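A single structure is presented below for examination.
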Amino acid sequence: MLGGFSNSNPCDIRVEGVTVEVEGRVILSGVSFKIEGGLVAFIGPNGAGKTTLLRVLAGIIDYSGVVSLCGLDPRRARRLTAYVPAYLQVDPYAKVEDVLEAYLHNVRNPGDPLEILKLFGLERLRGRRFNSLSSGEHKLVLLAGALARNPRVLLLDEPFSHLDIANQVKVARLIREVSRSITTVITVHEPLYASIADLAGVMSSGRLVAFGKPGEVVSRKTLVEVYGVEMEEVMVGSRLLLVPSL
Amino acid sequence: MKPGYGVQGMMRERLTLLGFVAVILVFIVGFSTLYQAISGLRGEVSSLSRSVEEQGRAIEGLRSQVVAQGEALKDLDLVKRRISSIEESLRQVASVRDLERIAEELGRASAELKLLSSRLALANESLRASIRELMSTVDSLSRRVEALAEQMLFPVTVTDGVGDKVVVLRKPSKLVSLAPSVTETLYYIGALELLVGVDEWSDFPAIVKERRDRGELAVVGFWSPRVEVIVGLKPDLVIGVASVPSHRALKSILAPYGIPVVLLPDFKLSDVEESILIAGRVTGRLVEAYETLYKFKLAVNYATLLASKAEYKPKVATVVWVRPLFVVGGGTWEHDIVEVVGVNVYGDMMLWPQVSPESLLARAPEVIIVTSSHGVVSAEDLVNFLVEALGDAAYRIPALRDGRIYVLSGAYEDSFVRPSPRTILSLYVLLIALHPQLFDLAITAIPQKLSPETLDVVGVLSKIAPDPLVAFLKVGLGG
Amino acid sequence: MRHLLYLLSFLALYIVLLLLSLSIGAYRVYTPFEAITILLWGDGSHVDRAVVELRLWRSIAATMVGVGLAVSGLIIQRLLGNPMADPYILGVSPGAALGYLSALAPGLGYPVWYLAAFLGGLIAYVTVISIASIAGLTSLALIVVGVALSYALSSLLVIAIFLLGPQLGLATVWLFGTVAYTPKTESILLSVAVLAGLILVAVNRGALTALLLGEEVSKAMGVNVEALRLSMTAIVAFTVSLITAVSGPVGFVGLTAPWIARVTVGASFNRLLVASTIIGAILVLGSDVVVRVVGGGRELPLTAITSLVGAPLLLYLSVRGRYAGRL
């Protein structure tokens, strides 16, 4: 489906002992992991530091420790990365095309964002004001912009939040597809979406408590520890789901 | 040949001839002597008649002097009669209005007396004595008027320059002045010694500046009067001007302290006259006020009269600032002054409009007056600016082409920009500068910088104007 | 395309205003045709030529003031992410006014006044930057410190005006803005500065385009947001200080022109840049023409007219059509 993205060697990401301190508060402490391509999902409570980790990878935040994307410092790697925040508010008069155009800054060989929009089936959004879009359209447009950068690393913060089920499915499928050729890091709240990833990390209070295959790492025990909420395991077909007990 | 003619006959012939010649000689001599005698006589006669003529002229001169004296004497008589009628009315003063009328007449009488004394230049002791006597009568009458004023006039309600009715309870003994024009007006009506507080810009007469520098006069501010200082001085009256907003605000601020605030109007030339009267009424110096008013009006009229003799009134623009370009427009006393001697090309715009160099080109003034703001603005500034903007075409402005740009500085500038009786000085300065031919001066004799040091207005005027007028002008120079 | 149509009509309006500006003035009103022939082929008298040339410089000055203020406003709004921001938010205007007034008092010549005004604006800017950098030089810090300093300096300004006294009070009317006193030298100076600033902005247009997505995303894309903020605000401060020094503060243009541009041609920075420059020039030049038509020889404060002209225009554009109710 998205045949245009064939980077032969997806980027690897190495993170060692990363600590982030802001105004005396420790937000991340001693985070270490390694990825060699594919999709990585980070899950954890609010304030655990997931977004901050993403921002470290995007090169927006100061940190201590070692981070390398494709062998480069995050600041050097900016040309190769594309970052999509959880929510973005822009100038009320900005149109979809303006937003897409803005995403193309500092890119060597950009793709055509409008083409990508077409691929998403959203060319009807052309000419619309960005702030008037629904949340789903919002995120898809941003994703289209990010993809148009032809990045080698894709960083998506909470790509599933504020989406209805249909859109969640759409986005999930897209991300899975894309991550075949682009190393993708996402942050999620639902254990279900952690399970679609190749690797998962569980974060709590600034630490990476567990990292590995989702099936192993995103376990009932870990989640109960981290969230402090009773969880139940539910089998749906062949799939094991973890849901909070209400 | 007849016999008997012989020698005797020849001798007889010769004798007759001799006798003839002798007679002729006698005639000639006698004639010339007579002639000489007659011409001598004639010379004497003509010299006699010349001296008779001289005598006649002397007599004529004497007679015209006598006639002038007679007229002056008649006027003197008139004044004498008026003064005695004033004396009469003083005994019957019933109301403040009567008092005012009397003060007015007394003021006029005093001024006229001074005018008269200059006309009566004869060394006639008795005349001079009678004038002196009249003057002292006037003085004592003035004092009586003042005493009456103190009783009758106060409490007085005046309508001040902003139309408010202000009540002054008693004749003030402590005054605060908030503006230079107020200080100067007070000086002219003799109320200066009442000042206990003054603004930082009042500098005329020099004694004010001295006393302020020595700390004897408190500084109370012009744009923003210091309320606490004023209250601390416990003045009986505060006098400001109508055009400054903070002075107007002061009325309600000082009301709780029981300190009345009177604002003198300061927009037009006629406001100067009204200010003199208001100041006179609130200080009880009615006679001096009327006298000053009379002299001021006389001076203005005299200037207008002189100006009317000019063949042509030039077009004038008055520049008060160069960058940006501000000029004097209508509705100001400066406009009124300029209009006596010329035509203000910006008279159709109100107050002090800001204009562009183009408009100077369009209105083509023949004379430009510049107020130097105490040396900040100069004629070069103006010319440089206009040339920068218009290039050579700037010299199409007649004033630049003819070099008739005059900069008012020093006392002449102060008297122009302050609406007090002193402003009469600037009127005459402009009259001389714009119409030098009326004073037998060449245009080239008028310097670009007009100040008391460069143009002696008093000197020029004393040749043709009556002494009291010159004396009134001298007051404006501190003399 | 609609945007192109808007741009072309703005350009056409500007040209019309330029012609009017050359034709109208206190000295004589020429027909546009006359004005052009006088200017280009030296027809008419010596005086006519001088007058039209003066008007040309005045028009250039007005244009540059408009361009400078509009672009500065655009940059500030982009950088600070605040559509209500105005180039004077950095405290430049009262700073320049204070500089101007302080040079008046000792009685120096006029170039000193302009220099002092210019320096005053820059000093105010440097003060804002220094204080804001204590808080990390974020957009919010800049806004807060800038506004606070503006108020503080404005109060100082009021005190200074009070203290100056009656004679120099006239000069304070400069505070309302005018282009009537910008003959050749000043106009050239202004043009050079504004065009230089414009070029520097154009060079950074990529980064400024990216800034639409907010600081975080732009940073992630490689935009050095701090450096951009510093350099762009410096350009704004420099340009606005110079404009204020030469022509006095002209309000409203920096706020309105980018708005009108945005409403008509959208939020793409490149289009915004072009549109803002033309609209800014139209606002100021148009106001100056209005001053000359209405004043009857008298110069009026430019700020009053720009507000009177700009406000209804902005209101109209904002509430009509598709965007009705969605301000």
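For this structure, a couple of remarks:
By written order: A, B and C. Residues from 1 in each chain.
Just so we're on the same page, a contact is a pair of C-beta atoms (placed from the backbone, for glycine too) under 8 Å apart; a residue touches a chain by one contact, two chains touch by 3 or more.
Note that the coordinates shown come from a computational prediction; the quantities given were computed from them, not determined experimentally.
Distance between Cα centroids is largest for the pairing of chain A with B. If each chain is reduced to the average of its C-alpha atoms, the one that sits nearest the average of all protein C-alpha atoms is C. Centres computed as Cα averages put chain B at a distance of 53 Å from chain C.
The distance from the centre of chain A to the centre of chain B, each centre being the mean of the chain's C-alpha atoms, comes to 94 Å. Each chain gets a centre from the mean of its Cα atoms; for chain A and chain C, those two points are 43 Å apart. Chain B contributes residues 201, 222-224, 244, 320-326, 346, 349, 352-359, 361-363, 373-376, 381, 385, 388-394, 396, 417 to its touches with chain C in the complex. Here chain C touches chain A in the complex through residues 83, 206-207, 209-214, 216-223, 262-263, 266-269, 326-327, going by the rule given at the top. Against chain B, the residues of chain C that register as touching in their complex are 25-28, 46-47, 49-51, 53-55, 107, 109-110, 113, 162-171, 173-174, 178, 180-181, 183-185, 296-300.
Note for the complex: chain A touches chain C at residues 55, 58-60, 78-79, 81-85, 88-95, 97-99, 101-103, 105-107, 129, 132, 149, 155.
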